[in-house]
Structures are given as C-alpha cells and as structure tokens.
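In the two complexes below, chain A is the common chain; its partner is chain B in one and chain C in the other.
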Partner chain A sequence: MSLLDIEDVSVDYRIGSGSLRAVDHVSLRVEQGEALGIVGESGCGKTSLGLAVPMLLPANASISSGSISLGGRELVGMSERELNQLRWTEVAFVFQGAMNALNPVQRVDRQILEAITAHDSHADREVAGARVLELLELVGIAAARAKSYPHEFSGGMRQRAMIAMALACRPSLLIADEPTTALDVISQAQILALLDSLRRSEGLSLMMISHDLSAIKRVCDRIVVMYAGVVVESGTTEEVLGRRGRPAAAQHPYTKALIAAHPDLGGARSLAQGLSGHPPDLSVPITGCRFADRCDSAMEICREQAPASLSVSPGHVAACHLARRLVP
Partner chain B sequence: MSLRYLAKKLFTLAVTLYVTVSFNFLLFHVLPGNPVQLLARSGHFDPAARAQLVKLFGLDHPLIVQYFIYLKDMVHGNLGFSYVYRQPVTTVLGGAIGNTVLLVGTATLVTIVVGIWLGVVAASRAHSLSDATITVTSLGLWSMPDFFTGMILIFICGVWTHILPISGLVTPGLVTGTWGHLVDVARHLILPALTLTLVNAAEFSLISRNTLVDVMVEDYMLTARAKGLSRRRIIWRHALRNATLPIVTATALYVGMILGGAIQVETVFSWPGMGLLIYNSVVQRDYPVLEAAFLIFAIAVIATNFISDLLYQVLDPRVRRA
Partner chain C sequence: MNDVSAPSVKGLIDSTINVLEVRELSVHFAGRGRWRHRREVKAVDGVSFDIAQGEILALVGESGCGKSTIALSVMRLLVPTSGRIISGGEDLATLRGRALRRARRRIQMIFQDPFGSLNQRQSVYDTVVEPLIIHQLGATSQERRSMVMDALDLAHLRPPERLAEAYPHELSGGQRQRVAIASAMVMRPELVIADEPVSMLDVSARAGILRLMMDLRDRLGTSYLFITHDLAVAWMVADRIAVVYLGRIVEIGPATQIVDEPAHPYTRALLSVSSGEDIGADGAVTDVLPGETPSAANVPPGCRFHPRCPLFVQLGEPAICRSEDPALRIVLARRSSAYDRPPGVHQSACHFANEESS
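The block that comes next holds the complex of A and B.
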C-alpha cells in the first residue's frame, strides 16, 4: 500500500460567478520512503494539489472529486478535528522560501515548541525544549540562535528553521512547495542536500513541488509533470530527465520543452530554449490536448481529442498522441 | 528596548510638552477680551481697583515676562485662579479630574475588551451573517455623534422606562453608607459610560476586524493551520498577536477622541467632570480654568502616544533595534 494515494482528485476554485478547475482528475502515489517531484510552470495546479493533501486549500477552493488517502486513512471529508490531529504528525509542510511562513513576532524556538506541544499536551517542557535544539542542530542552526526572531535569520536559515519545524512531530510525509525558490544558489544547494539527507536519516517520504528541474533531479526518485491541471507525464527521474550519461526519455512535448528550457551544466554547451505562449484559461472547457496550442508537433487529432495516458515503459506514463512504447 | 531609544523618546516628549505649554499660553493671550474686565464681571469700576487687579495678576508686565511667570508658576503647580469659582484652578480641576478618569477609564476598558472581542468574532467568520451584522451595526453606531447616542439612551432608559438615573454623579439628598454610595455612583455611571463605549467600541471592532482579516491571509497563518493548531489558538495566539500593532495605534488615537467625546457626554448627562467643566467655562469665559483643562487634555494625549511608542518596542521585535 502506498503511503499517499491521490486518486482522481479535482480541485475547483470559485471565482466571481464561475469556477476554475485548477487540478483536473489527477491521480498519483507516493510510496513509503520515496521522493516524488511534481514539476510544471506557474499556475499548473502543483501548489493546489500539495495544499489539498492536508486539506489546507483556501476557503474559495474545494475538492470536487476523488479521494486522498494517507497511510490508509481517507482525508477527503474528514472532520477538522481529526485533520488537526493528523496535520504535522503525519504530513508536514515546508512552504516556499520566499514566503513569510514563520510568525514574525514569535521566537523561532517557540514556534517549533508549539508544534510539539500542540500535538502532545503532556509533553515534558524540558524534553520538548531539548528536542527543539536537537532539531535546529540537525538543520545546522546553532542552539545559541534558537531564541532569534525570524527577521534575524537569513533566507536560507529561515528555510532551514522551517524544515526543523516540519520534522518536529516526526511526520511520515513531508510536502515541500518550492522549498528553494527565492534563495541564492548556495542556500539552494544546502536546502536540497538537507532534504535529501533527512529523508534518508529520518525515513521520510517527500513530495517536492518545484519548477526547477535540477532540484527535482537532485532529490527525487520519481517525477510527475503537470500541465494546466492534469498530469501529462510521470516516471522515474532517471528515465524521464536522464541521469548519469543516460539521455532523457521524456515522451511528452511539454516535458521535452521544460528540459530544453533548462541549461545542462554537465552536458554539451547549448542555449536554453524558451517555450512561448501561456497555459490555457482553465475557466473555459478545453477540448483536445491542453498543450496543443503551444506544441510544435500538434496534429489534427490533438485539437479534437484529449490524449489518453499510455504506459510507455514500466512505471513511465505519458499522455500524448505521439507517445509510443519504448523498446527496451 | 535600548536606553538610547528611551532617551530619544523622552527628549521628544519634553520638546512636545514645552511647545504645547507655550502654545497654550499664547492661545489664551491672543484671545480677544480684557481679562481684568472679565475678572471684574462689570464694565465700570474704580480705576484704582482696576490697577490693583492688573498688578495682582501680573498684567502690567510685558507678554514675554508674563510667559516666564506662567512657566514658573506651572513648574510650582500653580495654574492660576478661576474667575468664576474664585478658587485656585487646581482646586476646581481636582474634583473634576477624578470623575472624568472614572467615566473615561470605565468606557475605555469596556471599549477595548468588547471592541476587540467583536472584531475577533467578525474576522474569524469573515463574510458570514454574523460578520455582516457586527460590521453594519458598528458602522451605524460609529457614525452617530456622542450627544445623539446619549440623548437616545436618556430617552429609552430615563424618560421611557425610568430604570437608570440620567443626570449627575449621585442622587441628590440620598443618605446611605459607603456601599450604598458606590452603588449609586455606579448606577449614574452606566449611561454616560455606555454612550462613550457604544461609539468607540464600534470603531474598535471595525479596526480590529479589518486588521485581523488582513493578518489571516498572511503566510504564517497557513503555517499555523498546517501545524494542526486549534482554531482558537490560531486566532488568539497568531492572528491577534500580529494585529496588536494597529490596535495599539488606534488606542493612542482613541484617547484624543474619547476626551472630545467626554465633553459632549458629560454635558448631556451633567456628569461633573472635566468635560462639563470645560463646557461651563466656555459659556462663562473662565479662561484660567479652560487654559488648565486644555493643558491636561493635551498632556493626556501626548502621554498616551509616548506609551504606545514604547509598547511598539515591546510588541514588535522588528522595530526593537530602531
């Protein structure tokens, strides 16, 4: 059984008089101990999908179909009280680096302590306090800095403190939404190395949302590519993006375009290729393939019929009319 | 909070006080009207007596000398002599200040508690029916002048139902013990305090509601929810704590407003405080009393702003190193 099983989930936002489907019948799984990367450009539904797991969607959004089960427990339709017990103990969140995710008027150690005591009201204060320092040390923040306020930290330190807080209740799943966005490259590398080592040492499963392919490649075992609210391709990172000399075997033109837009430092020197245009307006119904308008290889059928998902090789699925089974 | 900051603020406070005191002196010395004539309460009187009065009040000195005498007297706690009451101004004010502190203090306390609580209720159910009810009622109450609200309350509670006294501090001629006296004063306090509270709590609830609604969409509020904290803890510990700064600002501004309101309310309810004294002194042109009353109101407002500046330092770690 998978740790996280997202089955046929749709997320709708009420906007004005109409509605917008940000996530459209998405299914994916995260296995125990696995790191799954979700990639796609802004507005493709990655963050909505991430927030949907612990039911943290904004008030104007709702899950209109599907089921989300975490460790065998169904989360859709669960009471707020039950969800609160599950949040942070089973599934913790690391928000975007650019976000103001730490309370500006509370000391960092207090914020981490609060996560512990909120879920264990009988927690011994001294034991919990020691655990806070231990967590901070784990992410490379000295105990002497524990009593700082968030504004006294650098962006990278804030994000590391956020990760320490996320680990406070020993969750089985960590969702990291753009954890390295808005950080300098050194901090980015530190955060990614930290997530990678923590997931091994703490036995975490990771769902990392990013538009940064190299970050996904660095940390994740599998990748899910989303475009305009649907999954267009998924497979092992190694196969889809290529790794250690193996060329990328991405099948979907959108995945290929994302790879082409990303300079490969190790590979042959070439200019990164941009992808022109914008994702489609999701508030109007779309017939055919959602990517057809921006696709160089679009055919007549692409505009008439949405492509079905095709298993191109074991564990590698692409939703494109052009996708063909890979010959091993 | 650094000592340096405190010293800086104290210096500003001293300068502000000095300017206020000086302006107050100037204001009452450029006003039209001859003080001696006002004091004599009569157009025709003996020139010898007039000269004696001029000398007694130091009006024979040039303005600048009078100014320094005024400053010297103030330092010695001498605020002049009331034309009307024929008593030192400090004696006249002494009785009134306590009554105003009782009225304004009660109203302020209730205003802050009720206003913030209503704001929290409205903000935590933003855009619901209870939010709309609180917001619309608050807007209505806030738009009403104090004296108008006061008169409506007088009509309902005094004229119509006779459940509460509508005028004064105590029931005239009532002879009781200490406890009975306290109850009597408390009963007289209810309506004027309620009037001040209605208007100001309405303003407070709107300010705290709007601040809270802004805070609720901050990123750290999502973190608080993700941590699985209870709704109550999220609102009181995370949202309200971050909303305190604008609320403290509102409180500082509010003191100026409520002192203005006290003049109206004390007049409407004949509450023997500073407000009523100011009203009567304007009518009777009792300049020395007015001068002192203005000064006390100004000092109260300056002091509140000073305190709120210091509170900022305590409440917001981000401004602490200013």
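The block that comes next holds the complex of A and C.
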C-alpha cells in the first residue's frame, strides 16, 4: 500500500460567479520512503494539489472529486478535528517562502518547542527541549545558535529551522513547496542535500513541488509533470530527465520543452527556442489536448480529443497522442 | 582587450573598443552599531573589469556578493567610495548634474522584477516614451512615436501598434520584461545592465528573453553587463564570466573556459551545484560547500574564501591563505587544454590557481 494515494482528485476555485478547475482528475502515489517531485510552471495546479493533501486549500477552493488517502486513512471529508491530529504528526509541510513565516520576536528554539507542545500537551518540558536541540542538529544548526532570533539567521538557516519545525512531530510525509526557490545556489544545494539525507536516514517520504527541474533531479526518485491542471507525464526521474550519462527519455512535448529550456552545463551551449503563447484559460471547458496551442507537433486529433495516458515503459506514463511505447 | 570569444563580427561589434572600463572600484557603507564598534561594510572591494563593444560580460555570484552594487555604481545610482568608471572618455564616478545625465543615456538598465518595475497605470507606450521625454530626444511627438514603435518591434512586441496601447496587467511576465527591454533600447544605449533579467520568469519564457538580448547584440552591437546568480545561464549568454565572492572578482575569463577549466575553488563549488555533479554514485546528494558566506562587514583576513575553501583543507591549511590576500593572476593553460588563447585572458585570485586539482 502506498503511503499517499491521490486518486482522481479535482480542485475547483470559485471566482466571481464562475469557477476554475485548477487540478483536473489527477492521480498519483507516494510510496513509503520515496521522494516524488511535482514539476510545472506557475498556474499549473501543483501548489493546489500540494495544499489539497493536508486539506489546507483557501476558503474559495474545494475538492470536487476523488479521494486522498494517507497511510490508509481517507482525508477527503475528514473532520477538522481529526485532520488537526494528522497534520504535523503524519503529514507536515514547508511552504514557499516559509522562512519568512517564523515569528520575528520569538527565539527559534521556542518556536520549535511550541510546535511540539501544541501537538502533545502532556510533553515533558525537558524531553521536548532535548528534542528541539536534536532537531536543530539534524538540520545542521549548532545548539549554540538555538536561542537566536530569526533575523540573526540567513535565509538558508531560516529555511533549515522551518524544516526542523516540520519534522518536530516525526511525520511520515513531508510536502515541500518550492523549498529552495528564494535561496542562493549554495544554500539551495545545502537544503536539497539536507532533504535527501533526511529521507535516507529518517525514512521520510517527500513530495517536493518545484518549477526547478534541477532541484527535482537532485532529490526525487520519480517525477510528475503537470500542465494546466493535468498530469502530462510521470516516470522515474532517471528515465524522464536523464541522469549520469543517460539521456532524457521524456515523451511529452511539454516535458521536452521544459528540459530544453533549462540550460545544462553538461550539454550544448545553445539556447532553446522557448515556448510561445500561454497556458489555456481554465475557467472555460477545454476540448482536446491542453498543450495543443503551444505544441510544435500538434495534429488535427490533438484539438479534438484529449489524449489518454499511455504507458510508454514500466512506470513511465505520458498523455500525448504522439507518445509511443519505448522499445526496451 | 581580448577577442577570444568575440561574437560573429557583424560590423557593429568591435572588440578593440571598450564601452566600459572599471578600475579598482570600491563601495563601502557605514556599518551599524555604536561608533567605536562600527565596522565598514565593504560591499565592493577593489573590482576592475572591461566590457568591449558588443561583448556580454556576466557577473556571477550569490546574493550579497556585491554584484548588484557594482551595477548600481556603473549606473551611478550609487556613489562609489573610490575607483574609476570610464565610459565614453569620461569618469562616471566623478560626473555630476547635467554631464552625468548626458552620460546616462549611453547606459540603460533592466531590472529583475517585471511585475514591480513597470507602472501599472501607464500604458506600454507611455512607459517606453518616458525616457525620450526625460532626455529630450526626438524633435516632435511624431518622431518619438516612431522611435517607440521601432523599440517595441525590436523587443518583438508585435504588432507594436496594438501592444503600445496595452497595460502591464494584460501582459505575461515575458512580455513585461520585453517592455522593460524596449524602454532601455529606445535610447539606443551602448551598454545595457541587466540585473537578473530572467530569474522571476517561468522557464519557458526565459529562453525567449535571453535570445532577444543576444539578438540585439548581434544587430545593434549593444554590450551587456549581465548579472546573474545562475552560472548555467551566464554560460549560455556571456562571452566572458566574472565570478564575484564577497565584493571581489575571484575569477574572470572566457565563459567556456570558466566552465570547462575553473581555476578558483569557489567557481568549482558553484559549478558542481549548478551541474548536478554533487550527486554521488549511489544517487545520494553529497556534501556541498559548508557554511555561509561571511558578512561583508567582517571579511576574513588573507584569502577571503579560505574559511570555506575545500582546497585550503586539502592542501593542509597553507599559511599563505590565512595571511595574504591573493590578487588576480594569470591561469596557465593546462597541457590538455582545448583552448588556444592569448595569455592573461583567464585570471583567478587563488594562491594555488595553477595547482592541478584532484
């Protein structure tokens, strides 16, 4: 059984008198101890999907179809009280720009302590205090810095503190939405190395949401590519993006364009064409393939019929009329 | 001036003419704290470089390294503490008033955030025509209109007549950055300073903006000072790369050489995180450069990189790294080097730049 099983989930936003479907019948799984990357550009629905798992969608959004089960328990329709018991203890999250979410007038160790005691009001102060130092050490912050205020930390250290806080109640799944976006390259690499080692040492499962293919490539075993609310391709990171001499075997033209748009120091020194146009308006129904208007290889059928998901190789799925089974 | 990586010469590009010469530029700010304990923040600390006509020089470094401060000094939006900024035979560092305003026509800037840098209440036309009005260019409004339309067309905002009437909220991020480029190009500058011009854009829009900038260089001979934290992007667009660490250029040279034969340990660290080389054989992410960049108010003695330097540890902590601030020196070509180049083009500020790294 998968740790997280998202089945046919749709997320709708009420906007004015109409509605907008940000996530459209998406299914995916995260296995125990696995790192799954969700990649796509702004507005593709990846953040809405991430927020749907802990049921933290904004008030004007709702899950209109599907089921989300975590460790065998169905989350859709669960009471707020039950959800509060699962949040942080089963599933924790690090949001984009989370390092700015620390309380500026409270010392960092106290904020982490609060996260522990909020979920276990009987926690022994001394045990909890020791746990705070253990967590900070885990994320590479020396005990001597524990009593600092957030402004005394760099961006990278604040992000580490947020990760320490997310791990306070030993969750089995960590959802990280753009965990490194606002950071410098070296700090980015440090945070990614930290997430990777936590997964290996603590058995933490990871759902990492990012627009940055290289960050996903560095940490994740599998990748899900989203475009305009749907999954267009999924597979192992190694197969889809290529790694260590293995060429990328992405099948969907959108995935290919994303890969080409990322300058690769190991590849050719030439700029990709880039994508023209915009993603479609999601507040109106779409017939055919959502990517057709921006796709160089679009055919007649692409505008008439939405492509079904084709298994191109074991574990590798692409939703494109042009996708073909890979010869092993 | 070198012509190692001179672009395809198209008449407008003359790599023997420098549009900008920066010499020993320093920008120091007064630090915080009680006056006895106040430390100067050395944001830029003795930086020199040239940009030839039609050349793209990338300044690469992390936030706080001083790369944006260098850009703001060249624009004279900041007054440098010392050093010279030579452009068009004048020293911008000392110019004032009308002379400074005239010199600024030659240098235009593009900022990182196309969502914040455009006035939401101004149409594209009003945004692009504004610099012409400020600098009193174009004799009639008709002439100015045709200059604006040309600039929009140059920036691939087509059809210009229709896009001129648009407002920023109607435009995508990529289109907004094109408006910023058009309002820089309407002045026909010799040099454009682009500060992280693509880092706020979606990946699919980035390539288009970078292509546009390179295309303008080829067609008009525009030079660029391109500021980025992303070594891979710098490598794509720039002729030469200067790597900046804690207010100092630690390595400078042709882009391909910086990437293929980096001589400074900091450049190597940046490269390994940019290329995914820090992934070990079993797929585990291996160690990256430890610690944080020190504050510019507290520059380490000797080589400013030594407290984080893997080579320093590897070589058994040589005393010279702690005591002597290394100057930029010529990197000797490796025997295996694929590059044929005049001497002095590739320089690195490391005492051990010419040691073979393992």
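Everything below uses one rule, namely that the second predicted complex is superposed on the first by the 322 of 328 C-alpha atoms of A that agree within 3 Å, B and C clash if a C-alpha of one lies under 4 Å from a C-alpha of the other, contacts with A are read in each partner's own complex, and residues count from 1 in each chain.
We adopt the following convention: a residue touches a chain if its C-beta (ideal position, glycine included) is under 8 Å from a C-beta of that chain, and two chains touch if they have at least 3 such contacts.
Note that the coordinates shown come from a computational prediction; the quantities given were computed from them, not determined experimentally.
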Request  = Please tell me, clash or fit, for chain B and chain C sharing chain A in the overlay.
outcome  = fit
Request  = Please state, to the nearest 10 degrees, the angle that the Cα centres of chain B and chain C subtend at the Cα centre of chain A after superposition.
outcome  = 80
Message = So in the superposed three-chain picture, is A:Y227 touching just chain B, just chain C, both, or none of them (first/second/both/neither)?
response = neither
Task = Identify the partner contact of A:N103: answer first if only chain B is touched, second if only chain C is, both if each is, neither if none is.
result = first
Inquiry  = Which partner chains sit in contact with A:Y13 here, chain B, chain C, both or neither? Use first/second/both/neither.
reply    = neither
Request  = Decide which partner touches more residues of chain A, taking chain B and chain C as the two options.
outcome  = C
Message = Contacts for A:F291 in the overlay, against chain B (first) and chain C (second): which applies, first, second, both or neither?
response = neither
Key: Partner chain(s) touched by A:H211 [first = chain B, second = chain C, both, neither]   = second
Ask   = Between chain B and chain C, what minimal C-alpha to C-alpha distance in angstrom results from the superposition?
value = 9
Query = Can you list the residues of chain A that meet both chain B and chain C?
reply = none
Message = Using the touch definition from the top, list the residues of chain B that touch chain A in their complex.
response = 218-220, 222-231, 233, 238, 241-242, 315-318
Ask   = How about chain A: which of its residues touch chain B in the complex?
value = 54, 56, 80, 83-89, 92-93, 95, 99-106, 114-115, 118-119, 149, 151, 162, 165
Note = Residue positions on chain C within touch of chain A in the complex are 62-63, 172, 202-208, 210-211, 214, 229-233, 235-237, 256, 259, 269-271, 273-276, 278-279, 284-289, 292-293
Key: Residue numbers on chain A that touch chain C, as the complex places them   = 41-42, 154, 156-157, 184-190, 192-193, 196-197, 200, 211, 213-214, 217-219, 243-244, 257-258, 260-266, 269-276, 278
